[in-house]
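Below you'll find the structure I mean.
Residue numbering begins at 1 within each chain, and the chains themselves are lettered A, B and C in the order written.
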Amino acid sequence: MKKKMWKRVAALAAASIMTLSLAGCGSGSDAGTSGDAGNAENTESAAGAENVENPAEDTEVVQADGGEKIILKFSFDQGVGEPTQKIVDKFNASQDKIQVETVILPQDANTVHDDFVNKLASGDTSVDIMGLDVVYVAEFASAGWLADLSGYLGSDITDQMLAGTVEAATYDGKLVAAPWFTNSSVMFYRQDVLEELNEEVPTTWEGWMALADKAVGVNGIEYGADFQAAQSEALVTNWVEYVWSNGGDILDENGMPVINSEQNVEATEIMKKLVDEYAPEGVTTYTETESEQVFKEGKCLFIRDWSGFWTSGQGDDSKVTGKIAATKLPVGPSGTESHTCLGGLDLVVNNNIDDTQKEAAGEFIKFMTSEETQKEMTLISSQPPVIKAVYSDAEILEAIPFYSDFFGIIEGGKSRPKSPRYAKVSDAIQRNIHQAMTGEMEVKAALDALQAEVEELSK
Amino acid sequence: MQKKKSIWKEVLFYLFVCVFVGIIVLPFFWQFLTSVKPLSEISAIPAKWIPSSVHGQFYVNVFEKHPFAKYLLNSLIVATTTTVLSILIGASAAYALARLRFKGKKIMLMAILSISMFPTIATLSPIYLLLKQLKLLNKYAGLVIPYITFALPLAIWLLTNFFSQLPKGFEEAASIDGCSRARIFFQIMLPLIKPAIFSVGLIVFINAWNEYIYALTFMTDDMMRTVPVGIALFPSNYELPWGDMAAASVVVTVPLIILVLIFQRKIIAGLTTGGVKE
Amino acid sequence: MGKKKNSSIMKTEARDAWIMMAPAIIVLSVVAVYPIIRTVWLSLHEMVLTDPGSGYPFIGIKNYIAIFKDKRALESIAFTLKFTVTTVVFELLIGFTAALIMNKPFKGKGVVRAAILIPWAIPTSVSAMMWKFIYNDQYGLFNDILLRFGIIDKYKAWLSTADGSFMALVITDVWKTAPYMALLILAGLQMIPEELYEAAEIDGASVFQKFFYVTLPTVKTTVLVALLFRTLDAFRVFDLISVMTGGANGTESVSVYTYNHLMKFLDFGYGSAMAMMIFVVVFIISLIYMRVLGDQITDR
């Protein structure tokens, strides 16, 4: 028995040496590949050794190459990752006082929001500048996390910007964010189908439905409509457009909810009809990706989507390349004008960082919002710029022809309610409208419930 | 056993195993198909089972468009360290809980367990603050330490359970032979529960390998990202590179499978003839 | 042995025990205790981050009382319990079956063992998205297969109805975590000395008798521990739901709801109270398991 036991002990020893050497191997080759011996140390420090401090690794303030540079950390999501990195590199090359380092987050609205919240709520200064979705500006500003940018971005600059974007970046009379790029939705439709049927482009929802009735079966069309109705922020942006384009609104001038108005019920019923009779069955589970997939397969007459789909919808994997055109969103029976829902990202500055950092951040933001940078960003990212002049630039119009009409669409765009409690309002809209769309609730009942919830929030 | 009966039994058994494994592996197989299909067939309607051609471009993308090798290395370092440490710390505590006599065992077990009952979201921001104070953000240790806290309760509970299943009287015999506690633990008890250590180690390893939210929050430097966060960084506006993501998920799954295959040869083989038989 | 000597052995034993547990206790208390204390503290305050003007006053247990008046919170708890029980039962059945298979000597056993672990080895962030694709109403694999087998006559949008969503979530979770259960039960099975089976065979026990009189009693505690940990995990389900349904169609789990309060509404007070609520419910579940299991696991 004893002999057996020792055999076992030897086996275990061998196994543990193997595992240990495995760990050793890992960190060793790490030092090899990155040429940064600092990292290799860290695996061991987990064992309790306190050799964590490694001055060479700390990126703060002093740069090795010559003079002292101010280091700015700029965090944004992968959605615009590559183009933004290019622009940032250009900024870094253009001057020698400031070095902007990027912290790229996954492209997921929640992930980005939560990451910023976690840092800002704990008074962190590891990030200086953030690319923040416009809907969160009021929330972050009311929590006191955003620096006032009025000093860096004078009216000479903001006057060149689209008025709606500046308005959305203002909270409590202060400019707390710098509009970076905007976003707006349009109707992308199948030009080939309209030509086949010899039809004009409709401007009303009735018109589109009548067209859809004829279009099914033509050139592979199976569905008369395509949009986003999953319980998500995408549903909110879709729904408010039906409401606004039918003469309705969410809040009145005094900020009181007017959700269960007649126009809104009518608008929501149009949306419901599209879900039931025209859109793919799964439309209530679609966010942008899923809806685009079906459209790109050539199965839908139109898709309501963000303007950038113009480029991405006509890539290698698309069957509708060269067959699509864009127009503005239709109006409802009680509406006179079509309104798109504005999205986009603002640049915001962490309020906790010191004045030198803020000053430098101001410089960077000026660069980012200059006409030249905006034009370049638009060309490489197909994100709509905030500087008005860019829309009439010849080079831009050549690259994205529909921008000539698009400027009018963006100018008619509206912003979602600006409130520190927007997240709650949005959550209430998502739940109630989704229930109306899936038929769990009658449209009127859902709007009544929504009205009551938002009233409760407005108290 | 009679021969005739057993052939039928065997056929049935293999059939069952095949169906069972087939269902389990199917989604992964689909993922693999996606990773070698031409781009235009990935979301073809209806689903396409046999790709018209096969290519490896998505695999090239994974390593060329992203520092994926570095992500893999980071994950490997973090998961391995977490596993080794939690097994060592956990086994020692588990041994005490299962085989030594002292007061307050149940309270201890319950206290350890309660740590893994806490919702992760609520712990995120306090742990971030803590790691910042300790200057451990963007360090491997900054992930290993929080990972150990979720791995330890599991390791301790499972190993306690396995230790307590060993027959009584082992230690007495050994201590009469004059073995110290440490020797009893390392040389007798640990080898006895090898199969359990292997299983628990694998579970801890995969948990650490797959963890997302801590890795995202505590590692902000791109060169320190782990695999799940790395993959989450693939999609951009208007582009969901599902082919690349499928390829990446094959790339991260295959080494784990190979690891299992190798380790079970070395460790599991013949373990039933191991320790407990006395 | 004299009483005196015995008690001194007990003392050294207790001392050794604490020494051996010390590393674990230190690591756990360093990282885990602070977040818990902080959450308790926050839960006793009115603290909405977007409203710093309130001064974040101490409000005692008002947040906790509010939970009981919050219909949505109670519904989310009910849904989560339903989800937990359903998934854990299926996982147990499938996991146990898989473990029994893997414990049998047969050709290709190693491959089966590795294959069964695949679902669990794919990062959750990828697998949740993968399954969302699989359930898609247009190009989803699930529809394709069911249609080929004639189970459905046309494609369905599984995630658009309450029943469909629940089923989809359960299938995905069971697929993902049954391997975990299988692996643990397998470890328990392997600890059973072969002599026990040999002895049973000599006594002429049938397959079922062997299972009920040899296998089950020996792996009972292992299964219970595995169940306990799976229950705790299932009750806190978050990623899966947030990716696949976003809480739509009545699938809002209690963690998703808590997340909404903490991270979306930035209501740290109420959100922390919800987190404590999860903690308490899970604690109660654990106590029940502990009742069944406690003496066996520590009885040495």
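Assume contacts are C-beta pairs under 8 Å (C-beta built on N, C-alpha and C of every residue); 3 or more make two chains touch, one makes a residue touch a chain.
Nothing here was measured: the structure is a model prediction, and the numbers come from that model.
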{"item": "Centroid-based (C-alpha) most distant chain relative to subunit B", "value": "A"}
{"item": "Chain pair showing more contacts of the two, B-C and A-C", "value": "B-C"}
{"item": "Approximate Å spacing (C-alpha centroids) for the pair subunit A, subunit C", "value": "33"}
{"item": "CA centroid of subunit B to CA centroid of subunit C, Å", "value": "15"}
{"item": "Residue numbers of subunit C (touch at least two other chains)", "value": "138-139, 263"}
{"item": "Shared interface positions of subunit B, touching two or more other chains", "value": "43-45, 145, 148, 232"}
{"item": "Touching two or more other chains - residue numbers and ranges from subunit A", "value": "121, 293-294, 297, 299"}
{"item": "Residues of subunit C that touch subunit B when the two form their complex", "value": "10, 13-14, 16-18, 20-21, 23-25, 27-28, 30-32, 34-36, 38-39, 97-98, 101, 104, 106, 110-127, 129-131, 133-134, 138-141, 143-144, 175, 178-180, 183-184, 186-188, 190-195, 218, 221-222, 225-226, 228-229, 232, 236, 238-239, 255, 258-259, 262-263, 271-272, 275, 278-279, 282-283, 286-287, 290, 294, 296-300"}
{"item": "Touching residues (chain side subunit B, partner subunit A) in the complex", "value": "39-40, 42-45, 69-70, 73, 76-77, 80-81, 84-85, 124-125, 128-129, 132, 134-137, 139-141, 144-145, 148, 186-188, 190-191, 194, 216-217, 220-223, 229, 232-240, 266-267, 274-275, 278"}
{"item": "Residues of subunit C touching subunit A in the complex", "value": "49-52, 136-139, 155-157, 159-162, 242, 245-249, 260, 263-266, 268"}
{"item": "Subunit A to subunit B touching residues, read off their complex", "value": "1, 5, 8-9, 11-12, 15, 19-20, 22-23, 26-27, 29-30, 33-34, 39, 42-43, 45-47, 52-53, 75, 78-82, 103-108, 111, 115, 118-119, 121-122, 124, 126, 288-289, 292-294, 296-297, 299, 306, 308-309, 311-313, 316-317, 319, 381, 383"}
{"item": "Subunit C partner contacts - residues on subunit A that touch it in the complex", "value": "110, 113-114, 117, 121, 139, 142-144, 230-232, 280-282, 284-285, 290, 293-294, 297, 299, 420-421, 423-424, 427, 434, 438, 440"}
